[in-house]
Each structure stands twice: as structure tokens, then as C-alpha cells.
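Below: one structure in C-alpha cells.
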Amino acid sequence: MLRGVIRGNIVSTRKQDSLVGSKFMEVQLMKNGELTDEYLIAIDGGVGAGIGEVVLITTGSSARVALESNHSTPVPADAVIVGIVD
Amino acid sequence: MLRGVIRGNIVSTRKQDSLVGSKFMEVQLMKNGELTDEYLIAIDGGVGAGIGEVVLITTGSSARVALESNHSTPVPADAVIVGIVD
Amino acid sequence: MLRGVIRGNIVSTRKQDSLVGSKFMEVQLMKNGELTDEYLIAIDGGVGAGIGEVVLITTGSSARVALESNHSTPVPADAVIVGIVD
Amino acid sequence: MLRGVIRGNIVSTRKQDSLVGSKFMEVQLMKNGELTDEYLIAIDGGVGAGIGEVVLITTGSSARVALESNHSTPVPADAVIVGIVD
Amino acid sequence: MLRGVIRGNIVSTRKQDSLVGSKFMEVQLMKNGELTDEYLIAIDGGVGAGIGEVVLITTGSSARVALESNHSTPVPADAVIVGIVD
């Protein structure tokens, strides 16, 4: 998993139907608790994280699994926010 | 997910049958809204994106999932354009 | 697989239900037996590893497989500690 | 997907049974049409590409999917040549 | 696929049950036939490779597939040696 700070939202009106309702967040990644110059875009996995919060992100096919309980069809995600770090 | 700008098309006449009809786009990746020196080739996932547009890309096995609704057989994709950023 | 040293725990109270009970460990990765400047966060796969121990980590969809025997539903993990190096 | 130029063959006599018949090609990767210093080894996915040709490569689990139609058992591939660039 | 030279064994007595019997090898990766400064740990996929031999490695979910024929339950591997280069 990756840890990072949410820096903003990405808005996409024209997107695949399976992504309607997903919130895309730009996340600045951390390494050993320090901010890095790396970023990725993750979908909020229902933990209600907002800008400035430190979050846990899962990647790859497990990102899709992380969205399964809330969606009837698979969501083509490759990065999902699954927790907020205390 | 990744964000980037479509820079061109890649044309491949001799390809696997499962890829017939797929549009291959060369995408220059962005990081925190800035262009980087990284590129990848993604298949258009039916959002109708063209050269110069900023797009969202999903990678890995979810790229294949992103093409499932439009194809009767699995498409061997590892990067698909799933949205256009406003 | 990757090898690394466990450097700390990451605590996340607000997280997906499927992750309740999982222990998140920050791991400093090694290369040919030397410590590197790379880190990742892995879930303890039941081997009981603690801070300072050298561990083996599996990544990607196999991380999810590594947690299957202990969970009734899939855990959205992308990195799991599967062994302790002697 | 990745684009690159085939630079040579890798010969492996002692290999897993599922890989018998697979052709391993060393590919020099390109970025935005320029050659890079990165290489990977991909299996020919039946498009008949030879040394010096520019090809499209799919990676990850989709590489396995790209070989499914020609094999009765799964081939443990992580990179397959799926097209030749015009 | 990746090519590399086996540099040593990693011994792990305390590990997940599904990994009992697996041999972990530290491999120094090659690029276009030259050694690099990159390493990974791969499980021997039954090809009998030893220290100093040049091998082919498959990564990701295909690593798990590469071990399927020899195991009744899935092995949580993300890198497996599938061939020895001549």
C-alpha cells in the first residue's frame, strides 16, 4: 500500500458509465512519513477522505476489489483510497 | 489512475485479432497538473478523446475490465482511457 | 518478492470494513542485502513479524491471495508480509 | 501498452513446459517515438515480428490473455508482442 | 519477462504455509545482456536453476500461474524463475 496526502479533486464529466459517481483525488505520495515528488490519482473507496488528509491507497487489481461491495458492476480502478491515517 | 495529454495515434495494421478496432493513443503523462517526460500508449475506452485532450487512464487488469462492456472477448490491454478531464 | 526491514506501524481507525484487523507495517526495502531509500506499506500476513525484523513481501494480486486463508472476504491488499528472513 | 524495437532473441532450452514453443524477444523500449535505455523480454503473440521491427507490447495479466487463443493452458507471460507498428 | 543472474538464496523458516517448499533466490537483473544494479527475489519454478546461472523470470499474477501445476493451492508469488538462458 501507499500513503499520501490528498491535494485536490479531478473532475471528469465525460467518462465511462462504470465510473459515474466515483470521486477522483490527486494524492501526493509519502515515503517513510516524508512527502515526495510523486503523485497518483485514486478513487475514494468510501472512507470519506478530504483534501489535506493522509490516506492509505491500494493499487492494482485490489483497487477494483476495494470497490466491489459498493458497486454492482466492476469499476475499472487501479488505485483506491481504503483508509485514513490517524 | 494516471492523467495525461494525448499526443498522437499509433497505427498497427498487423496485430492480434482481439485488438482490431482498438485506437492506440500515445499519452504524455502529467504529475500534479504538470507535464512530465513520461509516456505510455493507451487504448481509447469509448470516451471519444482526441489529440490535445487531458485524459484519465486506468492501468493493469482494470484496463481490460474497462473494455469489457464493448467487446465479446477480452482485449489484452494494459492501459485504457476511461475519462476526459474537464 | 521484496525484502525489507519493518520500521513502524501505520494506524488507521477509519478504513474499509474488509481491512479491520489488518496490521499495516512500513517497510524499508533492501537490495542485495543493503538498505535502500525505498519504502512501502505491507499488511502482516500472519507470520508475526515485528519492528526491526527482515521480512519477505509479496505484491500485486498475490498479496490478496496471501490473505485468503485467514479471511472470508477478499482483502484489498497490494503488499503482504509472507515470511521472516532467518 | 509499450512500444519498442526488437533487438534479439533469448534462447532457453530448459524452461517450464508451458513455455515450450514461445519465442522470447529482447525489446528496446521507446518513449514518444525515441529509443530509451530500457529493455524487457516479451513473448511473440503470433504477429510474426522480427529483429528491427517496431512493436506494441502488452504487460501484466493481459499478456497472459493475449496468448490464450493459441494455447490450451495458461502461459506464464508478463509481456507479449501484440502488434507491429506501421 | 526479466533476465538476471542468481546471486544467492534467501532462507525463511517462519513463513506462510503455502510457501513451504519454495526456494527463494536473489537475482541481479540484466538489461540488454548487461548486469544492472537492480535485484529481486524470485521463487524457483522447477527449472532447477542454481547460483550464477542466467534465468528468465515472470512477474505479477503470471508468477502464480507458473507455480500452479506443481501446487494444489495457490502460491502467493510475484516473481518466478521459469527458464534458464542457454
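Per-chain numbering from 1; labels A, B, C, D and E assigned in written order.
The rule we apply is simple: contacts are C-beta pairs under 8 Å (C-beta built on N, C-alpha and C of every residue); 3 or more make two chains touch, one makes a residue touch a chain.
None of the values given here were measured: they were computed from a predicted structure.
S.K.: Give me the C-alpha superposition rotation for subunit C onto subunit D, in degrees, nearest 5.
M.R.: The C-alpha superposition of subunit C onto subunit D needs 145 degrees.
S.K.: For subunit C and subunit E, what's the span in angstrom between their mean Cα positions?
M.R.: About 19 Å separates the centre of subunit C from that of subunit E.
S.K.: Averaging only over C-alpha atoms, locate the centres of subunit A and subunit E and give their separation in whole Å.
M.R.: Subunit A and subunit E have C-alpha centres separated by 31 Å.
S.K.: Which subunit A residues touch at least two other chains?
M.R.: Where subunit A meets two or more other chains at a single residue, that happens at 60-61, 63.
S.K.: Select the category (line, ring, star, complete, other) that matches the graph of chains linked by touching.
M.R.: Basically the chains close up into a ring.
S.K.: Name the ring's chains in order, please, starting from subunit A and stepping to subunit B first.
M.R.: Read from subunit A toward subunit B, the cyclic arrangement is A, B, D, E, C.
S.K.: Any idea which subunit D residues touch subunit E in the complex?
M.R.: Residues 7, 10-19, 24, 26, 28, 37-43, 60-61, 63-64, 74-79.
S.K.: Give every residue of subunit A touching subunit C within the complex, in rising order.
M.R.: That would be residues 1-3, 31-33, 45-48, 56, 58-63, 65-66, 68-69, 80, 82-86 of subunit A.
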